[in-house]
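As structure tokens, here come the structures.
Two complexes come next, and they have one chain in common, chain A, joined by chain B in the first and chain C in the second.
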Partner chain A sequence: MNIFKKTINFGNKGVHPAEMKLTSGKAIKDIPLPRRVEISLCQSLGKPAKAVVAVGDHVDRFALIGEAQGPVSTNVHTPISGIVKSIGKIETADGHGAEGIIIEASDADHASDLQSICDATPRVNDINKLSREDILNAIRNAGIVGMGGATFPTATKLAPPPSSPYCEYLLINGAECEPYLTCDDAIMREMSVEIITGIELMLRALGEDVKCIVGIEDNKPQAISQMTIAARNHSRISIVAMRTRYPQGGEKMLTKALVNREIASGQLPISQGVIIHNVSTALAVYYAVVWGVPLVERVMTISGTDFVASGNYRVPIGTSVKELIEQLGNVPETTIKIVNGGTMMGRAIGGLQGSTTKGMSGLLMLNTNETQIRETTPCVRCGKCVEVCPMGLEPYLIARLAELSRKEDLKAHHVLDCMECGCCSYSCMAGRRLVDWIKVGKAIARKN
Partner chain B sequence: MEEQYLAMIVLGVVGLASALVLYLVAKKFNVKEDARIAEIEEILPGANCGACGRKGCHDFAVECCKSGSLDGLYCPGAGAEGMKQIASVLGLAAKDAQTKKAFVRCNGTKCNRLVGRNLDTIKSCISAKTLAMPAGYCTWGCLGGGDCVKACPFDAMTWDEDAQMPKITLEKCVGCGACAEACPQNLILIREIKTEIAPVVVTCSNREKGGIARKMCTVACIGCGKCARTCQHGAITVANNLATIDPEKCIGCGDCIEGCPTKAITAFGEIIKTKNITTV
Partner chain C sequence: MENKEIIVTGSPHVTSQRTTQRVMLEVILALIPAFACGVWIFGWRSLSIAAVTIIACVLTEYICSRFMLGRRDTIKDCTAILSGLLLAMTLPSSIPLPLAFIGGVFAIGVGKMAFGGTGQNIFNPALVGRVFLLISFPVEMTTWPLPLSPDGLTGATLLSAMKESGVDAASIDIYQIAIGKMGGSLGEVGAIALVAGWIYLTIRRIIRLIIPLSIIASVVILAIATSNNIAIELLSGGMLLGAFFMATDYVTSPMTTKGMIIYGVLIGIITFAIRHYGSYPEGISFAILIMNGCTPLINKLTRPRLFGERRGGK
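This part shows the complex of A and B:
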């Protein structure tokens, strides 16, 4: 790489944790269709979907089982054919439980599903004939949500209200700045053409003169080259390599890095004429519009230093976490924590109960070395957390205010701007649990 | 030497001039406050707990002086005795008000819970609520973060290390409700208690079906309805797999405590009916 070239980055903030991309370069493998799925009806922000099937019904593969309730809710589909066994509370990976539907497949159902995978053909051959409404309806019906983890419905994001500023740029997030995770990297390497077609469909839905910039961190050279090749005939799409830095995938950081605009406190990216989507979402859009396949599977990174079968897997949504890990290889004995998502922002799961969801980008099995809990000592006011905070907050102060439950002061110090990236805790030399307390502070500030 | 004297003189003059300005301003903008406000504040506990519905003790004292009667003005911290003193300061009639106490509607101590949880996080209930819970862990009960203990302005709540639960000293509790507001699980019940009747409370908040609840905790309410059938005063109702006791109807006889198969009903204080019942 040319060292004199100006590096694209969101500024001199953030951290660079050990990348630990153990599964980079590994091909995506398919997880066989499960015989039993537990699908949560809460697959997005907003209201849970309403079940549209009854117990005992036979549902076909890709059938709609839950209907969206309002613009921030999403449709839910089944990845397998089978009989609806129960509708009600199911266990989730976080242990809190949610409304969900359990579907079980008979042998005949299973066989027909396998046949249908072989027989599948695209529904649309020429995407240029599709109108804006066709695309948006296909995305909405397919139940696509933001697959970076936020799970905001994609169709709602692609159709901003008329009162909002005009959208100039569609930014596609291929940063994948979280350690361990490589699922976006894997799809960019293997399915770049499909992703570019998905982006093209999103651009058609947004308008004629919207430009697209795909931001990929420079620790994924193969993904950058594959995406550049795939996008060479598309004048509206440009691929940009960014300097590796966490948390570059955050919407405000990505906007700063790619178009050098700053989103004001409490504002959405659309206020600066920017809409941001993940590469996985672009891929889901492609399958929904061109193949007519709803969002029933996603690529996940299942990784861990001691886990033998670390890799990128295409997992049907609703597969039991226990079955998923056990068919790849047992949970290593050294594992003391399993994290859903990346190590910086992901959350530990309570156990192997529950099933996969649309927003689950990875399952990481971490051992004692990787989950060290340091002893907390008093703050020495070194200012490291202030230096690294990408939102320009004062984490040491906010954390202390949260400990004292000082609601008004917390609001005055913009605690709600924190996106919980964890850079402050990562960089704290005193081992203080800064981001944990800031999360508490956010809850206090939101309380009425 | 001269410089020193000069400095002393200049500073002295500036100081005197400032003092004069301050004196004049204080005279000019002097706010005459009712002398009784200070007197009442002396009687009040000064915890600023907000149980009276005012911003703090000063606001309450001001309100007492302004209004002609003590209707709707009651400080649980000062109690009936304190209110009598306030009434005598103001020359008004003291109103009777019922004492309130806080009760934790959970008995999920470390030994009662069947599925525990190893929290290597900060000591905060709000944080504990958002984190993942293992399968079978009671999500309705006490999270063990101690937010209520931190919130109590009267030191009535203490942390029981062995039980991993808060413990309420009823003598100190004034029922201000600061703990109830702090509890993210909504476990703390503020109940009026009558002097001669021991309060009987369902110490469980689990709304799961009986079988599931029983697997989570040995003292969970399984919603069997035995207490509702036993109660001769119609004080107990069972809804959403959970029994609730109506304090208006309960006479504290303790029949339900004996009948409860999972020991999910507890009496606090002394039981008037002479029965061999363990009290907490």
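This part shows the complex of A and C:
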């Protein structure tokens, strides 16, 4: 093991918040199939999917219920058998609401679903017989999107247009640099072989001489060793330990850390010859291609110091967040903030509402010690935000320009390059909410 | 449970433990050894000077922010206390207390609040106060009690002695200077204590190494080039106090590494030039103030490199 010999890292920028990986050693537990699901049709970056079922229809488990509308949209499937109760506006976890489908299972449906889980067998026994098209179609049909949170359709990313630069590297993101989240860690520990097979399938889809590097932060030693063992006989896949540093899981930072290339402003990773996918996505690819199972469940971290049942859970997509938490325990009395995602980039939500989605990696219940409501004092121009900004921006200045609504200056200071990683707000000693202002600044810069 | 207050804010949901108040308190802590040296060398009067300047600074800040700017006062962040302490440390121990008070009022009133308060000032408030006193009351500001002398003898500082009376650099005992046995202001005499404070701030990552090192490096290079005594250049006058605690003031120093180097090197050069070719024996106060004025321009010229942009622009 020469993991600690050289430090692989994206540079000296960024921050190292308390890791708070409370659930790092926890095994993945299954959440039982719910009797009722509310599935959003907006599961990807692009247009919502179009419902292909009607109210009153009976659908089987894994049936297609929403069809992708264009290359950045994605198919939606049902994790349970049942009757379509309604199609229309549903509540989402972030409180915004979206088009969605509600499905309810009868006792018979539920029993047959449980039986089908026991009877499941792989569809493909030899992946070497699969063609590129077979793999891409399986991924596209299964409705797989980037599960790190960006929810960009995976098949579209794996088939870049012929005009784009040649892809040299497939980078697999196992950084999981967000505090609290351990779902990627958990799947790498428990399902490394499946993930490696998923990667192998992605490599087959990409081309003969594409190499793969899996980047994992060194605070996950078990994941690193499991993945290394699983990748032993795969000459095209290498596992690399990176020095823990937030936001290493950002695609620009990951590319810098693993292949030392910088993706320029406004460019896609392919401009530097790389394509980036999350480990969870690789796992979903494995299930889609080998088992023919669409993306209807994912592993989520549900955590918080005071939440007794903190752990990693395999959750059917569309499960009500409220029911999910209630079957594990109660929201602790001390909770003052509920976060969908990690503490650096996750969204605070007003309460337990809506249902889980493909991009939802965690649900955190934070008490007063875990999340701070800081008083804002005047900026003392200490320069810390400039020092930590991984994009090389001047957050203090952008925030000020946003307060003044100076559109042209905001653009000149590259406000649109900010990825909202939160390093500036995190390290601001004056407690200024720089990211909030930068978001305002982005809106101003985009306005016509 | 459902009725309980759940807070919704933008991300991130965690922050570092560092607050402006804590940082300022730590800087004050780092200054205490050097100040204690001043008290040891010049007697208890040093304490009353510091008390007067701190009270003047805090009071001025309170009155200005409450009644003139009409906003919440910023006393709590402790920046005024720090400015007061720093100002006291640049004064001779024999200064009449009313003058110290006026210095404190000017430092905060004109040096800081006139620009809009904390974070808005262009010049280091403590140095604004000191230079104001130096120009307005030149006699009181250049009468330096001799170290450890109970009977109130006064004399020249090392730099003024060398400049005006032609004292030979070779006849000076460096060891005596290092432990503070020289004439000078309250805070500049305890070189070892100043270095200790600086190391503390650096280890705690409150200040970065760049500014102090660029100042010191440029002075050392100039001293070698002009065959002056390096130790005297560094240990005499306010060099260390200025380089460690004044030039590194957040508000008035540049933001980027490149900017900090330019700023530090120019402070070193200007200080050296004033000391050797100007009419004042000591120049670091002026040098820092001049470079404070240049800071906005330096910030503009040394913007950080955008990720993905080639070095040296697009």
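FYI, the second predicted complex is superposed on the first by the 444 of 448 C-alpha atoms of A that agree within 3 Å, B and C clash if a C-alpha of one lies under 4 Å from a C-alpha of the other, contacts with A are read in each partner's own complex, and residues count from 1 in each chain.
Keep in mind that, in the parts below, contacts are C-beta pairs under 8 Å (C-beta built on N, C-alpha and C of every residue); 3 or more make two chains touch, one makes a residue touch a chain.
The shown structure was predicted, so the numbers you read here are calculated from the model rather than taken from an experiment.
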Open item on the list: After the superposition on A, what does A:351 contact: first (chain B), second (chain C), both or neither?
Closed with: both
Open item on the list: According to the stated criteria, A:433 is in contact with first (chain B), second (chain C), both, or neither; which is it?
Closed with: both
TODO: Check the residue A:444 against both partner chains and state whether it touches chain B (first), chain C (second), both, or neither.
DONE: first
TODO: Go through the superposed model and pick first if A:422 touches only chain B, second if only chain C, both, or neither.
DONE: second
- [ ] Would you sort A:223 into first (chain B), second (chain C), both or neither based on which partner it touches?
- [x] neither
Task: Residue contacts with chain A in the superposition, chain B compared against chain C - done: C
Task: Which superposed partner A:91 touches (first chain B, second chain C, both, neither) - done: first
- [ ] Examine A:373 and indicate which partner it touches, taking first as chain B and second as chain C; both and neither are also allowed.
- [x] both
Open item on the list: Contacts for A:136 in the overlay, against chain B (first) and chain C (second): which applies, first, second, both or neither?
Closed with: neither
TODO: Could you tell me which stretches of chain A are touched by chain B in one complex and by chain C in the other?
DONE: 347-351, 373, 433, 436, 439
TODO: Would you mind writing out the residues of chain A in touch with chain C in their complex?
DONE: 15, 17-18, 179, 252, 256, 262-265, 267, 330-331, 333, 335-339, 343-351, 366, 370-374, 377-383, 386-387, 389-394, 396, 414, 417, 420, 422, 425-431, 433, 435-436, 439
TODO: Spell out the part of chain A that touches chain B in their complex, as residue ranges.
DONE: 91, 93-97, 347-351, 353, 373, 405, 433, 436-437, 439-440, 443-444
- [ ] Flag every residue of chain C that touches chain A in the complex, lowest number first.
- [x] 1-2, 4-16, 18-23, 74, 77, 79, 117-120, 208, 250-251, 253-256, 303-309
- [ ] Would you mind writing out the residues of chain B in touch with chain A in their complex?
- [x] 120-122, 124, 126-127, 130-135, 137, 139, 150-151, 182, 184
